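Single-structure report; data block below.
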Amino acid sequence: MTKPPYGLLEEEKVFKDPVHRYIHVRDELIWELIGTKEFQRLRRIRQLGTTYVTFHGAEHTRFNHSLGVYEITKRILEVFKGRPGWDEKDRLLALSAALLHDVGHGPFSHSFEKVFDTDHEEWTREIVLGDTEVNKVLSHVSPTFPKEVADVIEKTSPNKLVTSMISSQIDADRMDYLQRDAYYTGVSYGHFDMERILRVMRPTEDQVVIKQSGMHAVEDYIMSRYQMYWQVYFHPVTRSAEVILTKILKRAKELSDQGYDFKQKPNHFYSFFDGKGSLEDYLRLDEAITMYYFQIWQDEEDRILSDLCVRFLNRHLFKYVEFNPNLRMNDWPILQDLFRQADLNPDYYLVIDSSSDLPYDFYRPGEEEERLPIHLVMPNGKLRELSRESDVVEAISGKKRTDHKLYFPLDCLEDEREHKEVKQKIRDILNV
Amino acid sequence: MTKPPYGLLEEEKVFKDPVHRYIHVRDELIWELIGTKEFQRLRRIRQLGTTYVTFHGAEHTRFNHSLGVYEITKRILEVFKGRPGWDEKDRLLALSAALLHDVGHGPFSHSFEKVFDTDHEEWTREIVLGDTEVNKVLSHVSPTFPKEVADVIEKTSPNKLVTSMISSQIDADRMDYLQRDAYYTGVSYGHFDMERILRVMRPTEDQVVIKQSGMHAVEDYIMSRYQMYWQVYFHPVTRSAEVILTKILKRAKELSDQGYDFKQKPNHFYSFFDGKGSLEDYLRLDEAITMYYFQIWQDEEDRILSDLCVRFLNRHLFKYVEFNPNLRMNDWPILQDLFRQADLNPDYYLVIDSSSDLPYDFYRPGEEEERLPIHLVMPNGKLRELSRESDVVEAISGKKRTDHKLYFPLDCLEDEREHKEVKQKIRDILNV
Amino acid sequence: MTKPPYGLLEEEKVFKDPVHRYIHVRDELIWELIGTKEFQRLRRIRQLGTTYVTFHGAEHTRFNHSLGVYEITKRILEVFKGRPGWDEKDRLLALSAALLHDVGHGPFSHSFEKVFDTDHEEWTREIVLGDTEVNKVLSHVSPTFPKEVADVIEKTSPNKLVTSMISSQIDADRMDYLQRDAYYTGVSYGHFDMERILRVMRPTEDQVVIKQSGMHAVEDYIMSRYQMYWQVYFHPVTRSAEVILTKILKRAKELSDQGYDFKQKPNHFYSFFDGKGSLEDYLRLDEAITMYYFQIWQDEEDRILSDLCVRFLNRHLFKYVEFNPNLRMNDWPILQDLFRQADLNPDYYLVIDSSSDLPYDFYRPGEEEERLPIHLVMPNGKLRELSRESDVVEAISGKKRTDHKLYFPLDCLEDEREHKEVKQKIRDILNV
Amino acid sequence: MTKPPYGLLEEEKVFKDPVHRYIHVRDELIWELIGTKEFQRLRRIRQLGTTYVTFHGAEHTRFNHSLGVYEITKRILEVFKGRPGWDEKDRLLALSAALLHDVGHGPFSHSFEKVFDTDHEEWTREIVLGDTEVNKVLSHVSPTFPKEVADVIEKTSPNKLVTSMISSQIDADRMDYLQRDAYYTGVSYGHFDMERILRVMRPTEDQVVIKQSGMHAVEDYIMSRYQMYWQVYFHPVTRSAEVILTKILKRAKELSDQGYDFKQKPNHFYSFFDGKGSLEDYLRLDEAITMYYFQIWQDEEDRILSDLCVRFLNRHLFKYVEFNPNLRMNDWPILQDLFRQADLNPDYYLVIDSSSDLPYDFYRPGEEEERLPIHLVMPNGKLRELSRESDVVEAISGKKRTDHKLYFPLDCLEDEREHKEVKQKIRDILNV
């Protein structure tokens, strides 16, 4: 018996959502996608990685956020419906891409990808195109549908309009995460008038554009983004936990490379230590699995691995000082050497972490990261790049801000039972 | 060198909290307690167990809630300060008990306690009195302080006033969880004017009482509680996940009792299977550990264990029908037998779950669960029990509401490849 | 040149509204109605009369509220669209009636109607059917349209469904004012999940009914209403201002009846003093006009009129005590007499004010005020009256609560320069 | 009998406030000031003048706002208490100045002051120092206290710290109005983390400064201010109503100057027409009085006065076009002449309105409007001007933005029954 094509659900399903009040699902396709095990797995991956150590409310998951991006996209489509420039046949493409755009994220993606040299965007592609429940559901729409969805998520799709709805400088993804992360952390940034922005979005062949009358709401959104980056996403305490997490993974890999005999084999990680992790291996990973290993590694013989895991779980984080990459050049080898003398491996206990953000930019041809600018539709129908109309946006356009910090275990440096003098020297240099 | 007694922190510490805006810590004692590994462990235990499968926002942890109860208690103390009936020397006792009242909770406590016959209140006592970081910190106040805190949490303390601040029908615990759970789930219930309630709370020898002018705010709080129980806490879908979770633990224990050879030894659970779990064993448990086992058990040989784990992780839950415990009496053995014929072990696949709540009650001497009623202080200084003043509260006082549901895997019953007829019979009886 | 029939506006108009975020107008008809001078006049009539003396935020007007009722009705219609039982041709009828349902309100309606024996419902009818801009706009739809709108507002329309949207125990009017009045006063009552209620409303021939799954949201709404009545609408301080206001109007009328020579003629009021106020006269009245007279009457010779106006403007209100209409029977003539002896006219300075509310009722045939009950549609399609399903609603159904208070100028009674002994007697009786 | 000096109220009084939740009054002095008739009069003067014609929620009054500024000041004082640099004896000075800072505002101050050449700051001084209830209450503190309060409000006080709490670039006044005006209009701007800002405010001899850790909250506040100015305060529709209002007052004055015989004498205005308004005259004025005259002037013989009043009351506003003061130079006399030909007096019907705002500025010696900049206290204790630390603030510092619009009655220009050709010419020039 052939399964009939997807249609509408008999009765609309609703999810209670604190950010958008309700998330509504009418399409069988979407309902089926949500039910796949690859999508349900997002319930076990936090949206903001280690941010919860700084903002205790930030325990929400990517499942949460993905539903939110879907809902915003659905609302954009309600505005587009019937307008010139919008083809209703792209509806399910936009909704599916919105829902699945983060499906390839793994546990603590940022650190994981750095250590194991993988990329969540590639995993997303594999999940959409590979032998998965997600692929089965998408293929039921049409044999080419999974590829179309993957292309939108990867920004290689010829359908630039749909692509810009999911990823551009003002897209459903950002609009959801700014509001959602603000809600769960409780910070007062992250608010902007999304309802207004949705109402002034207009479809064009190349991208979503904004009616000029909505410029101030967009300004407010850009400022929200700016504040969220520096107040929440790049919070130095969060980065301290992230630094430790990265070093745990790095140490475990290094030990494995050296043939270290783990008390309990880290089976879930071996293939990644070897750079051969399969999709199946990847999908088994989540934050519960990762935290399980961190916990048992507390009892490992290796002092570094065990110490870092104790620190991570019990929130004994590294302290930090501002770090000027130029000025400190000469100090660096000296510092590393002093750490070694103090019996602290500088590869793990003296860490530079840099964050940088470019809150908004217009198109700068030839530059590394070309960004599609936000365009306003003026009353006369012409398009105009946002920063030409907005003083505030103009002021921050293209201004990359970078912050360098040096992380280290201050508690060890203050423990004067051993290496008292060398630790004093270090503290003098670090001025702590 | 002797450690100096706890005093005030040089600089107040603040936590950003979405429910109370900020949580402020000035006491070194409180700061030290928060930093203990037993308290940090609460970050790995969700506040609402399996509720997140129904309300995706409900991913917040007991760490979150415990800070909230502390903050509310702190605000009550600001109102009490200087009032007759309040002794400022009990301040740290109240704050410590508030912070630690849930420290003994384990992963998915409700199911865990049912299957392994333990009790989070006993664990709390052991954590406070045993060989733990928490105990060390508390003992630094005075040798008897841990016992005083434990007694308040256990409600055996002679200090009835402080006890009633932490556990009574209107206490800091309930006021926090109603608001917090409403915030994270996004439901519109759970709101009441806490600021008003705090301002009308007054200390008496026996309990916290409420100025009569605040009666309506209290009514609103009681109604919030009523709505939250039936709309959130007892949601039938949440209970379905809870049923499955309980059956997973039960199956694992049963298999272990039978000497089943697990592919990977569930070391974290063995002592609990045997009823011999130590405090150390218990503190190792958290929801990450539990989820780790659920995930690897998906690959176990035992079909029941593996099926239940797959269901839990991928949210393939049991369906339910209303169940009238009297009417169905006769059907019950028949149903069980039909399940067996359909190759579905009724011990795991046919489950009655009952929830009941008594939203408010006054003192009924001799009854099973004697509850301290809420008292209003009238303008003339006399106390009056709440339900005598409030029509609305009177209407629901002492009215226990119970709900029985029967859970089963509808998908299996609809799979007609095998046992077609017997499954049809079952569906006829269940009317599904 | 004939004016073309009303259609859709070229571009939707939006009003920023703090309660519903935005109010959207697409219909030319609605836009024209909002622009009429009779509707704009509602900007000069407060929604909550004298409540602002108690809750300083309650300065919003009936213009505000009327737009809100329109918006909610519009949202209900979006749910109804395409459902059996709803005829899209009634759309403009529902929207117009929603917008205009309060257009006949005058300044401080409650007091005004009591003193001058008029009725805002009659004035609404006259505005809709008489020689007004509103009538002109409505007549442009069809010659019978004004009458249809008036009938809906008056609840005499054969269209019971549309009538129940505007006035029933769960209608757009109440849903707006509970939320709006809560918002502007700042009280924490008045919140309920309107979005949920709207989604479960269903049209039937006789009335709007509610899907059973939405019962708890309706319970919450009923409780909000209950709390708002006693916490806000019947606040004793508000009623004190209302008592004084009523007595000002009564005194002015009485003086006019007696041929009193006002320093400045109260031209706006004469026809109402004589019971002959025309629609034109009525439309000239608003709260600015009323306050103008109150201000100039502060300088009138008549001591009572001038004193009451000073009290009203400077918020020197009457105090109150609880009043038991039965117990005090005998005291009443004595009290009145004592007031006279103390040179305080009891007709103006000793006032009983009673408020009573019936938060919800089902149909009780033959009773004075027959109310259409709220019906739930059960999963089997049958209707069931709300209180039969909800314990909480059942508990308060049909329970009328009445509150009697006695108002008087305590300041005068405490001024012992004259009538010291008689004032002491009064204070003893009143126990103040 | 001598009245005892002011102390604390027996029981704290609270006002329910939607913005700050509760406003608390413990000081008898403050309670007495709120009760004065000059302060109660602020209930009859809207906070945002004609803004309600654009944002219908903006009906709140200066009474509202004044309580809010008092409450914020009280909260700042709670932070200052006990800190070096703060002298608790200035507490009542700060609270009184906060409460009274706007007490001199009249009806629609902006227009009123422009036409009658008065200044609300002078009136405030007169109210504080003159023969008023406010002065009596203040004098009861000490004979010099009224003068001290007036000096703070006028910014001539030697107490620069207290002055900066009430009026500076980050003061209690602005913090209240931004939040309050956002709340009542319903716009999503105007939110910032005031609780955070209050916690990082520190007293110094010269002004309130901000701990550097709170810089981002201050940035957010500055951006809120920027958005509120352009989105709310300078909204072109509001300014259209303001233009008409100004012209009504101007016309009435002009007619009076010409000896015009008003049907009803505008007694409340005569002394202001003549530039001789006394404090007593001024205190009689409020928005009810003003609206009363606007209503009766609708029936005046003078066509301009009557037309403008009809427009104002029924919201038949002027339309506008952008106006470039340079480019249009030559057109201007031509336009004025064409208006005259079209029988439209350009003095009333062709109006340029300019708004300009400087969202933040640092000290620029010698410039017209020297502004006290916001200073951050760095961790090393040094002060640093805000824009040197904040990119965003730096970007908008000192950038005055000005907007010129030309207002005119488009309806008249489109009425082609008379002067068809000249009106066509005007429309061509104005491009409407």
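Chains here go by letter, A, B, C and D, matching the order in which they are written, and residues are numbered from 1 within each.
Heads up, the rule we're going with is that a residue touches a chain if its C-beta (ideal position, glycine included) is under 8 Å from a C-beta of that chain, and two chains touch if they have at least 3 such contacts.
Small disclaimer: the values here were computed from a predicted structure and weren't measured.
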| Same or different residue numbers at the chain C/chain D copy interface, by half rule | same
| message | Count the C-beta contact pairs for B-D and for B-C, then tell me which is higher. | response | B-C
| Where the CA atoms of chain B average out and where those of chain C average out, how many Å apart are those spots? | 45
| Chain centre separation in whole Å, for chain D relative to chain C (CA means) | 32
| field | chain B-chain D separation of Cα centroids, rounded to whole Å | value | 52
| said: Among all residues of chain A, which ones touch two or more of the remaining chains? | reply: 21, 187, 196
| query | Mind pulling up the chain D residues that touch chain B in the complex? | reply | 14, 21-22, 195, 199
| remark: Note: in the complex, chain B contacts chain A through residues 15-19, 21, 35, 37, 40, 43-44, 52, 55-57, 59-61, 63-64, 67, 183-187, 284, 286-292, 295, 313-315
| task | Would you pull the chain A residues touching chain D in the complex into a rising list? | result | 187-189, 191-193, 196, 216-217, 219-220, 223, 226-227, 230-231, 391-392, 394-396, 399, 401
